[in-house]
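One chain, subunit A, appears in both complexes that follow, with subunit B as partner in the first and subunit C in the second.
Moving on, here comes the complex of A and B:
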């Protein structure tokens, strides 16, 4: 049944706004064409809705009613503002690269480019480098409307290159600060390229300044290419305050023998969708995807993973833990695909959620799609309230109920946080979780 | 374990892709004209001598069906079905008019005997196992005979064909038909509602424990016909009934459609146990022919503390698309689903269940074992959901898949939706092949490779087999052996 799809107001606005914005966006004519094609794809697909299987539980057509304009230039953001917004993450010693409302701010950044690492602005590369078209290219993922929108609109982002065999002394911290006092739509595209045998940690932190408008729309995508034998720890910390929409997309490709540990810490407000797609391109590679999501009030946090075992002998592990309060909604969709020749695959997936209020909701879809026989794959999903016996045990040891519950939740989340290898970062995330549970600001980075 | 030895022998003596129920009965039949239209719906209704309200109900379903599109979300792949190239009604000539067992065409009786289903009550009584099972035998579009009716009547249990129920018990049919699976529920359910030809009707009155197992044996015989039966089981307060269903079909090059609807209704404290051994013709070793089994099965635990349990052993059909579900409406109601789906050759299975928790403290359990061999694709698709008001809902799901060979696929697509925090949901699934260590251990003890596989597989599916009524257990263990034949080495 082919009926002409009626465009929603938001879809129309996105298409219309593009013709105006296109001239302002960086890039040569070739890149402009790529953007135009992407916009065409978006036009055909529209905003994903519940009839699209991957978006069954996060109906963007319904949740995004209108489109926000591009941000006005924010002036007077200081390093101190950013430190305050980063909260527990501020103390982290790192190569800091700062973006304010999606625009690179060299003055606020602290990265000494050296032979091991460089972080260039995507906007600059797109304008000056003819080969930069590949940074925006996401061919093979043509059915993702949100990603198409990102390709069309991405104005800036960080292109991080880690040299072969380099071992970074400290993590690269990409800070995305929301400062615009008027509601704004921002699209960011990052690219992480880790050379053969290199070892690095890259953190993406999304924070908000106190003066920023409540409403926002972020569409961020990160392309990750991990070279042969390289090891990358990749962490995203979403702490935005307000009531906006945070759409994130990681596209990771692993070379042979590579090791990738991805982690999502999400305690932002509003709607968040964390999408990760991992493709194994070489044998003997390993991924460890994990995360913690904390939601209360009317928040909606969606984690959607696709792990594609396209080659033999790779290992994948996923562990996601969530805490839901009030009428928050958590979504977990994990799909593990084992292609016909991907023998000796070892995949395990687990999603666990604590539901602390009668009104919260958790929807889970841990999916296995297996075409090879010599594999071991498993998945699990659990959801329940805190075990009363455990609370009773703590109380019998003299711990007040509220504290007992907080302790139990913390240890529950702690299991996921353990996956973060960088010690300083792990501690910082622990502190953020601790503060969130006890409703201590600035858990959400409001100074 | 003697059963295992039996399986091993069964495996040994049967050749690759041997389907022993593949014979065809030569018998004169009356068919409806080919194709589907309102006239065909009228034709079927008239053949059955149905009252006007029943015809109207069918026509409404047909009108809805015309505007529906075929579902494509299942993980199965098949050429588009031409719904106008089918016969929607075929009945052996001899079954027209009133009949007693003695009047039934001996050919038909012989068919059922060949299938191992004795229809003469005295033969059943003389059976080796001594277990008595009342049988409703459905041949293409009509019910041939229903046994033990009189004895069941004494207990107050109504067990008859659907056509008879429409004539004899219209008040029950009007009240319950379509109350679990409405006419427009889905594409195939709507098709079934429009053209359903026969099936079984069971009514167990309040407080009665059905004195024997009830069963229906479905047989497709005619070429180019589809079978569209409809089963309705109502268990009144405090009653109990166990129902078995078996199905076979001749071997043919063409695909045949089987689109059934089963509705179960359990009122307060009632229990329905529904077991299926599905052995439709699966097609030959090149994937030619076989039954398309597109079935809607749903149970409604309408009363408090009611229980519905589905057990299925799926070995046949070219394509299976079925999700026996439970709507757990009553407080403290319970739903169970035990399934073994074995696919071989080019079979495609997309099956699972839905447990919809609406009542307080309702609980459900899902045990699903999928075994994929040859070039087959075997998918478990299931939904577990707890409504906001279904406090204290509990579910445990375990779905395991076993792959034999490197050309097959096993998939798991569970949907888990918890809408309140007192719901306690656990889901686990694993996929693996039979481990080399296990096989080595068995071989070291003197078993051949095939014996070892049969042993491991039987162990793997034991949880489910144990849920089957005794009469079926021995039979299904043999089935497992047959379906896996040829998958090793």
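Moving on, here comes the complex of A and C:
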């Protein structure tokens, strides 16, 4: 790699801001060194651009022209504000852990640690726990510039531990609230550790207060370790509303016989990149990665998956459904690697979009890299418009055209939502999709 | 009253005339039947009444309650009381029957200036009607018509008709695909809706249906036109003689 690349203004700003920010960031000297190394890697890599294969359709260097400062101190965010911002998710019975502009807010949170589950603040652990370095460490993924930035800048996040054999009574809901009235850059790092045989659902919800600035930059990464025989439902809901940039990275490692269902619900983020990398570390594990993305105007939502079948007899399923209006753009990249040893792998992938305007764009790039011979793998991708005959059928029953179309789009999305096992959450996501299609904005209608 | 006046309809994207000067009047309170050979334009007439795209009315008019409906959107017609039970009901994957019915009923009520029904009221309203049509409420939790048998789809159409309370009911071959018991159940449903406020048009190939739903008038449609009209006995005649006589006339 040529190190002497011409730095863009944004890249320069990120490097320069780091020296100022570093002193404020939590962590021991060992962690400081980790951050500094990460920043060094970022300096060499720069922001990913279209000539980097995995970023072909999402040219970050071109899309992110400047770097936003740290958030303005937010004052007096109340539980009621959070409820309003959560909209349909507010009614969910959950262990709630709240972050405002990336900072843990114990007073707004309602997770009582018990023998089954705990959620600690990353900042606290980094400052006090010498073994915390592994929380930030992402070795093996050194070529990911966005992740390097996350390692360098992550100030806080949630470290959720679920005890072996525990079955959680309700989901853990990590709420990331955007409150800053000035455009801000926030980096969070979460770690989910699910003990052997445990069963849990963890939700990451990214929401916005009505007064928050339209513009924002979020860099969020979650490390997930699912133990032997454990079962995790992991759902991210991005509802930031506004023109901002949402960069998300999930790094999931599955033990033998583990069961992981990851789901991304993304609506109306200016620019979103949802990256999921799953590594099978033990045989007989199963993953189901699914999601729904809804974009209009000039919004751009990118889903990039890398599923690495490193061991035999694992099953992977991917189903992503998107709705694109106006001149929105959807990107789906699904890479499935089946290593030479990974015999009896069973992988299926599908991406489907409804293109509701002649100006929208969908780029789909499935990539199967199969090095084993006894495997069953398949992929597909479709893009279509709504079936006019069905629209007429609805209208002949008195349903106005716009409502008929919304109903049909909802049913299209519904097939992906079906993948969410938790019923209350599934219903809430259905309501969010329903509102999005009818342009009802939850945060604003309550305020 | 439904008044169809010298209606000429062609396919929108083909130069082919399907309805060739069709005239038909159905006063409120009456049930009329249309019989006719395959391809004579019966379903086309039904679709044009409901406002489906793909057809072009080149001349003539359709008045319902004295008002031309030709320029109205399908949903406006539904609000005015027009209902078509489809010859081939459509499947809507992912939309539960209850959701679909509630959306439709409330849309129509809103357009008619009536308050929306609350969910419990709506459920009561639908369940009573579903029971009479022998429709299991579990079926209504499933997506609209998906995985329904042919006969189940036809019964589901009648349920939609009953809950939407239309004043002009057009039934396109609702009897085909029904077993003997279902035919009776559906006919009872239709008969229970006969009222001085309602006009009904029943399209069928079989006289048997007309034993259950006894029509006030029977019309024979051949090649896009009504060729003969008569009372209920005309259906019995057709059963014996077929359409040969009318087809030669048309040619």
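Just so it is clear, the second predicted complex is superposed on the first by the 432 of 447 C-alpha atoms of A that agree within 3 Å, B and C clash if a C-alpha of one lies under 4 Å from a C-alpha of the other, contacts with A are read in each partner's own complex, and residues count from 1 in each chain.
Definition applied: a contact is a pair of C-beta atoms (placed from the backbone, for glycine too) under 8 Å apart; a residue touches a chain by one contact, two chains touch by 3 or more.
Predicted, not measured: the structure shown is a model, and the values here were computed from it.
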item	value
Partner chain(s) touched by A:52 [first = subunit B, second = subunit C, both, neither]	neither
Partner chain in contact with A:36 - subunit B first, subunit C second, else both or neither	neither
Subunit A residues touched - subunit C or subunit B, whichever exceeds	B
First, second, both or neither for A:380, with subunit B first and subunit C second	first
First (subunit B), second (subunit C), both or neither touched by A:411	second
Touched partner set for A:22, first subunit B, second subunit C, both or neither	neither
First (subunit B), second (subunit C), both or neither touched by A:393	second
First, second, both or neither for A:361, with subunit B first and subunit C second	first
Subunit B versus subunit C as contact partner of A:84, first or second or both or neither	neither
Complex contacts: residues of subunit C adjacent to subunit A	50-53, 73-75, 77-79, 83-84, 86, 89-90, 92-95, 99-100, 103-105, 107-108, 111, 143, 160, 164
Subunit A to subunit B touching residues, read off their complex	1, 53, 324, 340, 343, 353, 355-385
Interfacial residue positions of subunit B with respect to subunit A in the complex	69, 73, 388, 391, 401, 403-433
Of all residues in subunit A, those that touch subunit C in their complex	388-390, 392-401, 403-404, 407-408, 410-412, 414-415
